[in-house]
Structure formats: structure tokens, C-alpha cells
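So, here's a batch of structures to check.
Two complexes follow with chain A in common, the first pairing it with chain B and the second with chain C.
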Partner chain A sequence: MAVAEAKRNAAEARLSALALPQGGWTGVARAEALARLRAMGLPGRRDEYWRYTDPATLVQAEAAHAALFDPQDEPMVFTSFDRVKVVFVDGVFDPAQSDDLEAAGVELLSRQTADIHWAQSLYGVLETRGQTPVQRPLAALNTAAATEGVLIRVTGKAAKPVSLIYLHKSETSDAILHHCVKLEEGAELTLLENGPAAARFNKVLEVEVADGARFHHIRTQGRDHERRAVTHIFARLGRESLFKSFTLTANGVLTRNEAVIELTGDDAVAHVAGAAVGDGDFHHDDTVFVTHAAERCESRQVFKKVLKNGAVGVFQGKILVKPGAQKTDGYQISQSLLLDDHSQFLAKPELEIYADDVKCSHGSTSGAIDETALYYLRSRGVPLRQAQSLLVLAFLAEAIQEIEDEALAEDIRSRLESWLARHGQ
Partner chain B sequence: MTALETEDQIEVRDGVDRETIETVQAMAGKYKYGWETSIETEYAPKGLNEDIVRLISEKNGEPEWMLEWRLAAYRRWLQMEEPRWAMLNYPEIDYQDQYYYAKPKSMAVKPKSLDEVDPKLLATYEKLGIPLKEQMLLAGVEGADEPRKVAVDAVFDSVSVGTTFKEELKKAGVIFCSISEAIREYPDLVKKYLGSVVPQSDNFFATLNCAVFSDGSFVYIPEGTRCPMELSTYFRINAENTGQFERTLIVADKGSYVSYLEGCTAPKRDTHQLHAAVVEIVVLDDAEVKYSTVQNWYPGDEEGRGGIYNFVTKRADCRGARSKVMWTQVETGSAITWKYPSCILRGDDSQGEFYSIAIANNAQQADTGTKMVHLGKNTKSRIVSKGISAGRAQNTYRGLVSMHPKALNSRNYTQCDSLLIGDKCGAHTVPYIEVKNNSSRVEHEATTSKVDDDQLFYCRSRGMDEEEAVALVVNGFCKEVLQALPMEFAMEAQSLVAISLEGSVG
Partner chain C sequence: MLEINNLHVKLEEDDKVILKGVNLKVEAGKVHAIMGPNGSGKSTLSYVLSGRDGYEVTDGSATLDGVELLEMEPEERAAAGLFLAFQYPVEIPGVGNMTFLRTAVNAQRKARGQEEMSAGEFLKVVREKAKALKIDAEMMKRPVNVGFSGGEKKRNEILQMAMLEPKMCILDETDSGLDVDAMKLVAEGVNALRDEGRAFLVITHYQRLLDHIKPDVVHIMADGRIVKTGGPELALEVENNGYAGILAEVL
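What follows is the complex of A and B.
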């Protein structure tokens, strides 16, 4: 049992480097999360759930050094959109750069110190549900130790998207943010996220989508090359609700994005998509767990990765169909394009099905750029680099199509194009 | 010939008695191999310790090096933990509450020929539909409309009771005998290859097998030889509370070819029985091995009482360039199946194929699949897996496809389809895909669905009853795998599919 003990010791070492917030309406949830974490310990290389990603740098007591990026390196996204800006610098809220939060109905976790709050039904609650059947100790750590985050409750259709902007100014910053979003019946919200956040970033987003509500989430992670991040989305969906999340990841030494989606109301729809482009020292891990617990729900997982110069892409996806979740339509695709012989794609796409009247499928492929397609384009006079770039964009298109708003999708596309241009594709 | 003269009513055709097929059809719905032969059996004391390992080695008349090999495995096993990662739910196994050696008493002195074998034993194999006595029957009828021959090695509890066609195989240079005999007669070959594919330390169950395996089959096909007939092993667990641990080693030398069939059955009992086998295959340059299994161990009753716990390690090492191995399995039996026949594609241009039908009904649980490890250049692998779950059964496909950095221009195609019959069962897919170079292509597809209502309705409107209709649709679903089986097995497998699903509809 030496392994279990080492994991618990790692948790204690990590906790000793943190100042844990106490009391208030999150007090009970934090104490429980702390107990969970102490029992589980922090993940290690030998955990099956971390088979393809070494969690060492996410787990160690101090954040590893991460050089700041050159502002000329990459343009910011979403700049042309009318949005409510909420800016965090190294995990600390920056009122100067942010918009008027009160008017937009956005609350800050650090400012809500009363003993009772609406977000009590969410904070740490969905995270707890997400701890079975697979343990996610880094999420429990987040619930116990988060110092900041936003709390958003939406009724009706939100006037503007809420845009969370994460800036990175310190080379050793270690940020922990915890957001709660509650969409009441029939509500609609678009949540945008972008920026590198910190040298090391641990983020949890808990989202409750009530009956008939619609939630759109578009995020980009990148800019800084040396940053490390572990993020969790925990979502619970009501009847006829919709949840759509898209993530673009470029740069970063280590990124682990977990999405834990539970479809609890009949006829709900959940789409989770991701496009990742990596050049060199880049390890990107998408871990998705979709649970169908109601009838006639639809889920889609679309993950595409373009990798070169030794970049590593990981996909672990699961569709769990519980007994009675009849007429489920589950789809999962994970694909990688390896641009050279040094890159790797490691995948574990799983199905676990306990209902018979379902339609579930998954596919996974890996390979190089299609030589015949390249030849075709070149024979039409398209220069090699441009032809390659076209094929890479075409490969990623299926994931980007998951963004409903065409203007936002276009913004992501142009961001991708500029990345490809800078990285010689 | 006393034992065999009475058996002349049995018609031998294509390696499988007509009776086998007819019995299968007639006894649909029942586990037809559930009887027990009352044969006096000699047991070693219950439990496992070094003395038992020594005893097994001594009983087999093994040389010192073999005993040392076993003891090293046993000591290793004591340090190992039983793997629990499979999606299988079974109570703790008490390894000390098993007999590790059981031998029909009449075999205490090795019979020199089949004539001297206990008639009861032969009758047992007759009941199983295994034409052990083919050798005699065919002795005088060579030529004309001679049926295709299959050489059989039969393993009863822990001991190989007879191998047919030995002489004829010898003429071709093929060695086909029990592994205990091979250890005595061909120590150099055994020493060279035993444990070279599945090492002693491989996994908990394989290591246990290394320590206590009592018999099994050994095959050596010399260079450039096409084995003149199909080889076959039948395994039978008869004695109660006995684990069966057989070990099969197949070596296909350069440019050779062999097709190997394996079948297994056990009596009906209320208690679970343990089976932990190891199969090692070595395939050298340009050689090809086809390994087909129909696994029909007793699956337990509707309530999940009894049945075999089947923990099997099977692995083929395609060492040579252009070598090829093909695993085909029909898994219908066992309460628990834990089995991943694998291919190590080490030689350049080597090929591995895996075709599987796994049927789990009632309370059965199956966690099975394959590993394709691509190490050489231009290696190819293909996986077709069909899982069928009915009743309250759980059926998991677990597989690994790994493209190593040096396995340039390699190719894998994987297709895993699951069929669910009823809303109390489960079908799961757990593939691992690891690609470490970009000139290789890996494709994986998996689907899960239920028996198509339209197809059922069509069959029913043609006058079939519901069970027949389901059996037909399921056989259609499995077609690609059934086609990969040698003809002898394909027919039996088809009937087995129908039988295994008996009681799953309505």
C-alpha cells in the first residue's frame, strides 16, 4: 500500500503550501472536499486514469517556473465581441480591467462571505458527484482551496456573453479558480474563456443547466508555452436542455482538460469538442466522461489533434449509458494528425452500456496527412505549405463546427490559421 | 480393441462427429457437456505450496531444470497481486481451496497405445464428439473418400490422455505431443522456447500456470513444412474442485504452416472451478499459424451458480519477417472469461489477425479482447470483435493497439461491435490506442446496438419462432468471424451461438 501512502503524502505536501479559506457558505463544502482529498491522495503515474499523462508537475507542492510569452507572439481572441469582461491576473481578480460585474449579474467567490448563498447547491456538489466511478483528486483540491472564481445565475437569455480573461504576469504563479454557473429553466448563456492564467492553473467549472436551458462555452487555452493547466468541467443537464463546449488548445507544456457531463433529464443534448495543435514540448490530454441517465438524450464528443515535433496528444473518452437510459444516441470521435515521426497519439475511447435500445458508436484514427489529397492540391497549383495548412484546417473543421455562433467560430478559425502560419504549416 | 469395437456406430466426418452436431441441435438450451464421468481420480493434496509444485514436476518425470523453473515462478507468484482491473465481479478466489493436480487413476502407468486407455475415458471423449480413435478407424481406409484428418491431443483434468496420428505426423517431421512428453523427449526445443513468449513473470495467472501446469500440448513444425492435417486439443475438467492449468507451446519454424484447434468443456457443478492456461506461439520467418478456439466451459446456471473461472494468457510472437498469426475465438462458456490473445509483431512485414465472438448470457461475465503490438516495419493487424450480451450478462471488449516508433508504415484496423439482447445486460468497449510514429495508420470503430426489430419481424413473418429468429440474426451479426473459422468449427460454433442465447428472449 506504499502507493496509496505516497499519494496521501503528496496531498499533504501540496496542502501545506496553500492557505485554505475557512467559514462562510462554502465552509462545509470545502471541509468535505478536504476530507475527500486526504482520503484519495493526489494522483500518481501508476493511476490508470493518468496512464498517458504524468501528473507530477500538477501535483508537486510548488508550481514549476513558466516563462511569460511575448505579446507579439499571438493575438488575443474574442476582442471584437460585445461581452462582459472579467479579468484575472495570475488567478487574482483585476477590477481595473474588468467591466461592471454587478450590472451583469456576475458575483465573485471571494466577495460572497455570508453564511447562505444560492451557489451552495452547486459549489463542490457537482464535483462530488463527479468523483465516482473515477476519482478526480485535483478537482477536490480545487474545491477545498480555491480563493477566487465567478458565480453566475442566469434567468432568461443573457444579454451578452460573459468573458473570463486569464492573464499571466508572474513566472511562478499558482492559480486556483472555481466557477459556478446556474442556468434556470429556459435560460441561455454564452461563456467565453481565454488566456494562459498562470504558471500553473487549476480550474473547476460547475454548471447546472435546468430544463430547457441552453449553455454555450467557448474557450481557448494557449499563448504561454511553458504553462501547465488542469481543468475540470462538471455539468448536470435537465430535460430538453443543451450544453455545448468547445476548446482550442495551442501551446502549453501540459494541459489536462476533464469534462464530466451528466444527462439527467430526458431529451437533453450535450456536445463536447476540442481542437488541439501542438508543436514541440506539448502534452495535451482530453479526458471526457459522459453519463446518460435519462431517455432520448444525445451526446457528441469530437476531439481533433494536430501534433508535430514530439508533441503528445491524449484522449480518454467514455460514454456511460445507465440502465433505463433508452433511445440514447451517443457518438464519440477522436482523431489525430501526426505531422512527423516524433509525435504521439494515445487514446482510450470507452463505451459502457447498460441499456439495450441505444445507438452508440465511437471511432478513433491516427495517421499522417493524406498524400493523395496533398498531391491533388499541389497538382492544382497550391503551394505545399498552403496545401498542408488547408488540409490541417479541414481536419480540424469537424470540431470547430460544434461552435453554434458563426462569428465566434470564425474568430477561432483565424486564430488557428495564424498559429499554423507561425508554426510552419 | 475392446473399448473401441463397441464404438463403430460413430461416423467420422470432417473431424467432427455428426453426432456432435446433432446432439448440439437436439439439446439446444441445455449445457450438453454437463455430465461427469465417474473415473477414479488420483489427487494431490488440496492447496498450493512448494511441495505441490515438486509433486507435479515429479509426477511428470521432469528434469531438474524444469522443477527449478516452476519453483522460480511459484516464488514470484507469491509476490504478485491478483489483477482486478477487468470489468468482472467475482468473489475472492481461495487459491488454497483447489486441487492443483488430478489424474485419472488408470493413467498412473502411462498406456503405450490408445488400446490401453481406460475405456471410460475414451467413452468420455466419444460423448464430447472427439474422434480420438480416428487413428484406428482410418488405418485401413486411407484413400478414396477419406475425410479430412485432424490429429487430436486430449487433456483430461491435468493429464494428456492420448494423442492421435502421431506416426503420420512424425513422417512429416511434425512433433505433436503432450508438453510433459516434450519436456522429456525434446528438452532442447522446450528449453529454447518455453516462457520465451509469456515469461514467468508475465502476469498473476500466467505465473501461477508456470508453477503448476500439469500438461498441455506441444507442437513443432519444422522448416518449410505444411502440417499435413489440422491439430487439435480438447480440454476437459472432470474432477471436482480442481483447477486446470494447461500449457500449450507451438513453434512454427521458417516457412511452415499449421492450423490448430482447441475445444474445452467441463461438467456442471454448483461450485466455481478455476482454469488458468497459457498458450505460447512462436512464428519464425514466413511461417503461419492459425489458432482457433471454441471455448465452451460450463458457464454456470441461470442464477450464476457454478461455472468455470477462465483466466487465460495467450500470446503469439511473430519473430520472423513475413510471419503471420491468426487467432479466432468463439467464447460462449465460462462464468468468468479473462482472456486477451495477443500478437507481438516483431518481424518486418508480419501480420496479426484477431477474430472473436464472445457471447455472455444469464450471469456470465466476459472481459476479452486482444493486443496488437507493432514493433517491426510494415506490420499489419486486423481486429474484428463481436460481443453479444443477453440476460444479466456483462461483456467487455478490452484491447490494445500499439504502434512503436520503429514500426514504420504499419497498419491496424479494428472493428468492435456489440449487440444487446434485453435491458438487464451490459456491453462495454475499452480500447487502448497508442501511436508513436506518423507513417502508420490506425483506425478503430465500435458500435453498440440491439437486435434489429425489422429483421426479427421479417424472420417471424416467415414462420420462425422468436428464438430461431434471434439465433439467425445473431449468426448474421457474427458472420465475419464465423467465416474465419476452419470448417469443422464453423458449424459447431453456429449451433453454439444459438444454444448460448437460449432463454434470452421473451
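What follows is the complex of A and C.
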């Protein structure tokens, strides 16, 4: 088993470059994650699950150099919103730039406080569940080695969104963050994330959404060209709960976003959406696994990518309907807009259904900009670039519509417009 | 206003020649109609004037107030005051009708060095003009032409024309797919825009639209050329006798 051995060796090489946190309340979970990782090894190009995305730079011991990107005079997203700011610089919590976490009920992973028994039943737990039927070794690595993260438990409607801001200041930083969010029955929280984070970023977000709770997640991944990121969201949904996650990715030489969502209570709703825009050296991979394990649940996967100058988009999306998950309503769409002949979109939609009374649909398309629509707009006096930009935004609209808060959606749209303006669209 | 001289056009993809020397002069304040059998080149003429891709002008010129149109980008022609009401208005999913209109109006104002219209001012004007065309608020919110009926699409074209206030309006078979009531509504919209400084070129197969939009001059187009020009009575002749008689006479 040369391949398995190579994978295990890769894991050891990676681990040898890390200082693994020991003891504390996460000690057991970390030790178990380490054992899981050692058994699995780290992924290689020959893994079916990594067929379209080469994990080499995510796996290698040291982070590749990533030049800092100058966003010039453009403000970051979410700046106009009243929120609880939690700032990380290259993966290190920065209290000076952050708001008062205690007042906002936000804990830090690195603080070994006593009152985190709720987090003990979450840290690494959803990640472990997410290891079957598909292995996700980089998430196990994260659980074992994460140095920081937030722990948020919400019991009512959160007064403000919690906003995680990831700044990138070092060209060789290698950040591993692990967040746990628990929404108790009927609770509601909006979690915002933005920024490139580090030269290389490995992030896990575990979210437990209890009965009747509502979780909104909106993130942008920063416009650094050379950054690399692998992120996992593991979510478990209770009865009549709601989970909505939207991601905007602009630039980044490599991004792999995995979402592993389990609908375990009846009548739960999970929407996961993404808009990605890439120009040139850009590889973006959305890998989604939604499991329906209860009745009358609804899931939607909406992923749109705009690619030019050789950019590559990947979508691997699965809906698994377990026996007994009757009246499931599953929907999945992945589409790319290829602005030239050099760009590429690779899609692998999958349905696996073991219940007989379900509604599941999926679709995947690749296409160029609609020349007739372009001519129509121009014939009304809209200049070429503005017309293209309108059509690109229109293409992305279905994904952006997944953001419920109109003001946040508008913020994302204006961010996209400025990206399009910079990139000649 | 619009002056077309010896216009020759072929399809870019194959060598098919469509327009074989069109000559046409439209004065400000006038309504000209172009009639003609299928395949005579009427729609091609409208596309070439508005700047659609896929056609190659091999000879001739087309000027608007003395300025050559054929060298301009489509958006420049629009800013210069040319408007084409499409035979088949294009659906644009994801772009709201209101956003589309406002973007177009402001793009043209910007191109002409005018100040952009404020959201409030725009809304006021568009509501008034939409009401006259029986376009409700719901239609303005929907994506451009998506799910619109044939009549709604054509009314939407006229609304765009009313908002953009072009000086040279080309209507390409605006009557196709319309019932009598819808046609009247569209014609009223057009007639409301008639004035001294504006000219119309109405392309149609049938006399009936011309009952509502009264032309000053009627041209018959056949095989890529204007073969006959006359007054409104020419349209009636077509209606009564078909094209065969006229074509036999001129070809």
C-alpha cells in the first residue's frame, strides 16, 4: 500500500512542523483527531475526493509564500454594520482591534475557562461525524492542531452579528482556526467572516442548530491573489431549524470550501450558496455534502462561478437522502460563466436517495455571456463593460438572493461590482 | 435626420448578401414606413443601423444628423439618439426591469454630458410613462422581459423609447404578436412621442399598424433594396393586392 503510506508520511511531515496544543478541555478531542488523522493520512491527488483539486500545497509542511495584497482605498466588507468584531491577524487573536468579547458572550478557544462544557460536546464532534462516508483529513488535522477560534453559544436572538475578521500581514503565515457555534432552541445568530486570514488558512466551523433555531452565515474570503485556504463547515440541524450560508470568493490561488450538513430534525431547512469570481491564477472548489436524515426537510445548494483568463472552478455536490427521510425537498444547481476559452469548470453533482417519496433536482451548466442580451443592453446605451458587469451580476443573483438580510446582500453586491470594475468586466 | 446611401450588407458568416444598395432619407418630424415581403432585408436594415454583430457593411453609409453611424459602437449610436424597438425583445434573467431602464437612461445622459437622474426623479417619470402604457409596478420589478407576454414585451419596448427620448426611432415589426387592443396601446405610445424633432421608421408587414400610426411616407423593400416609395396610399395598395403586383411592376 504505497499510496496509503505516502499519505501517512505526508501527515507526519505536516505534524512535525506544528506545535500541537496539549491538555485542557479539548485535550481528548485533539488526541482522538490526531489518531484519526494518522490513520487516514493526508490527501493526495489520487484520492477520488481530490480529483479536481490538487491538495499538495494545502498538505505540504510549510505554507507557500503569499504576497500581501493591497486593497488600495477600498474599505472592507461589513464596515457599516453594527457588529461584534473579533479580529485575527495571521490566525492570532488581536484584542486591541476586537470588541469586548465577554460582553458579547464570545469565548476564545485558547482560554482554558471552566464554563465551556457545552463546547466539549461540539469541538471535534461534528467533524468526526463528517468523516463518514467521506474522509476529510484536513479537518481532522484542524481539530488536532487548531491554535485559536471562537466559541459562541446563543440562547435567544443575538443582539448583533458576530463578525470574524481575518487579517493577513505575514507572507508566510500558516493559520489554523477552529470555531464552535451552538444555537440553543429558538436562538438566532448571524455570523460574518471576511478577510484572507493568512498565506495558508485551514479553518473549521462546527455549528449545532437546535430545534427552531436560525443561523445565518455570510462570508467573503478576501482578495489576496496568492493566499490558499481550506475550510470546512460542519452543521447539524434540529427540528424546524434554519441554516443559511453564503460565501463570496474573489481571487485566491487556491480555495477549497467544504460544507457538510446534516438535517437530523424534521422540517429543517438548509441553504448553502456561493459566488466565486476568478481572474487568472484562481482555483476554487466547492465541495458540499448534505444529508437528509429526517422528514420534510428542505435543502438548497446554489453555486455560481465567473471565470476568466484560465481560472478553474470545481463543484462537487451531493445530496444523500437516508431511508425514512420522506418528503425531502432537495435542490442543487451549479453554474459557471466562462468569459473566455481558457477557463474551466468541473462539476460533479450527485444524488443518493434511499427514500421513495422525495423531490430532488439538480442541474449544472457552463456557458459564455449571452451575446444577444449584451447587444440589447448596448442598444439601449449601456456601455460594453457596464453591460457585461450587469450580466455577470445577474448570473450571480440567484446565489446572492440566498442572503436574507437585504443590506448585507447589497454590501456583497457592491463588493462584486468593484471587483468587476477592477477586472475589466 | 437619417440618411442611408447605397448601403450594402452581407452576413459575416457566409457570403450571403442581404442589402444591395439601400437609399433612404428620413426627415425630422416624419414617420416613414417600410413594408416588404419576408426576407427582403427589413430587419437586417434595423439591426445594421443599431450595430448588431454578425453583419458586414461592404459599401455605403448611414448618417444620423450628418454623423456616420456605421462606425460607432451600439451604445454610441444609442447615445447619438437612435433607438430600435426589437421585433423579439430579449429576456435578461436576473436584471430587474427598473434597474435596466435606469442604467440605460443614466448611461445615455452620462454619454451626452448630462447629469444623471436621481432615483426619486426617475421613479416619478417612469411611473407616469408606465401608467400610460398600462405597465404595472409588478412588471417593473420583474427581470427584463422574463415571463412577459408578447404584448407586455412590446409595451416594454415603447416604455424604453419613452424614457430614452431618442430622436430617431426604428420600430421593427412592433405589431407582430399583438392583439388589436395591445396594438392600439402601442400605437398611442408611439403617437404620444411624435414631434417636430423626432422621426420614426416603422417596419411592418401589414397595413393595420399604419391605421394607428399614420405614416407620411411608405417604402416598399424587396430583395435588399427600396423598390418603391409613395404616400400612405401605397400601404393600402399592398393590403389590397399583396406585394406581387408592385414587385412585378418594379423588378
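The rule is short, and it goes like this: the second predicted complex is superposed on the first by the 418 of 425 C-alpha atoms of A that agree within 3 Å, B and C clash if a C-alpha of one lies under 4 Å from a C-alpha of the other, contacts with A are read in each partner's own complex, and residues count from 1 in each chain.
Criterion: contacts are C-beta pairs under 8 Å (C-beta built on N, C-alpha and C of every residue); 3 or more make two chains touch, one makes a residue touch a chain.
No experiment lies behind these values; they were computed from the predicted model shown.
*Asks:* Which term applies to chain B and chain C once both are placed on chain A by superposition, clash or fit?
*Replies:* Result for chain B and chain C: fit.
*Asks:* Classify the contacts of A:Pro75 with the two partner chains as first (chain B alone), second (chain C alone), both, or neither.
*Replies:* neither
*Asks:* Of the partners chain B and chain C, which touch A:Gly27 in the superposed model: first, second, both, neither?
*Replies:* Once the two structures are laid over each other on A, A:Gly27 reaches no partner at all.
*Asks:* Per the contact definition in the header, classify A:Gly424: touching chain B only (first), chain C only (second), both, or neither.
*Replies:* After superposition on chain A, A:Gly424 lies in contact with neither partner.
*Asks:* One more residue to check, A:Arg378. First (chain B), second (chain C), both or neither?
*Replies:* second
*Asks:* Identify the partner contact of A:Pro95: answer first if only chain B is touched, second if only chain C is, both if each is, neither if none is.
*Replies:* neither
*Asks:* Comparing chain C with chain B, which touches more residues belonging to chain A?
*Replies:* After superposing on chain A, more of chain A is contacted by B.
*Asks:* According to the stated criteria, A:Leu346 is in contact with first (chain B), second (chain C), both, or neither; which is it?
*Replies:* first
*Asks:* So, does A:Glu48 touch the first partner chain B, the second partner chain C, both, or neither?
*Replies:* Touch status of A:Glu48: first partner only.
*Asks:* Minimum C-alpha distance between chain B and chain C after superposition, to be given in whole Å.
*Replies:* After superposing on chain A, chain B and chain C come no closer than 14 Å at C-alpha.
*Asks:* In their complex, what parts of chain B are in touch with chain A?
*Replies:* 85, 87, 403, 405, 408, 418, 420-450
*Asks:* Would you mind writing out the residues of chain A in touch with chain B in their complex?
*Replies:* 48, 323-324, 326, 336, 338-368
*Asks:* Please name which positions on chain C make contact with chain A in the complex.
*Replies:* Contact set of chain C toward chain A: 50-53, 73-75, 77-79, 83-84, 86, 89-95, 99-100, 103-104, 107-108, 111, 143, 160, 164.
*Asks:* For chain A, which residues count as touching chain C in their complex?
*Replies:* Checking each residue of chain A against chain C gives 370-373, 375-384, 386-387, 390-391, 393-398.
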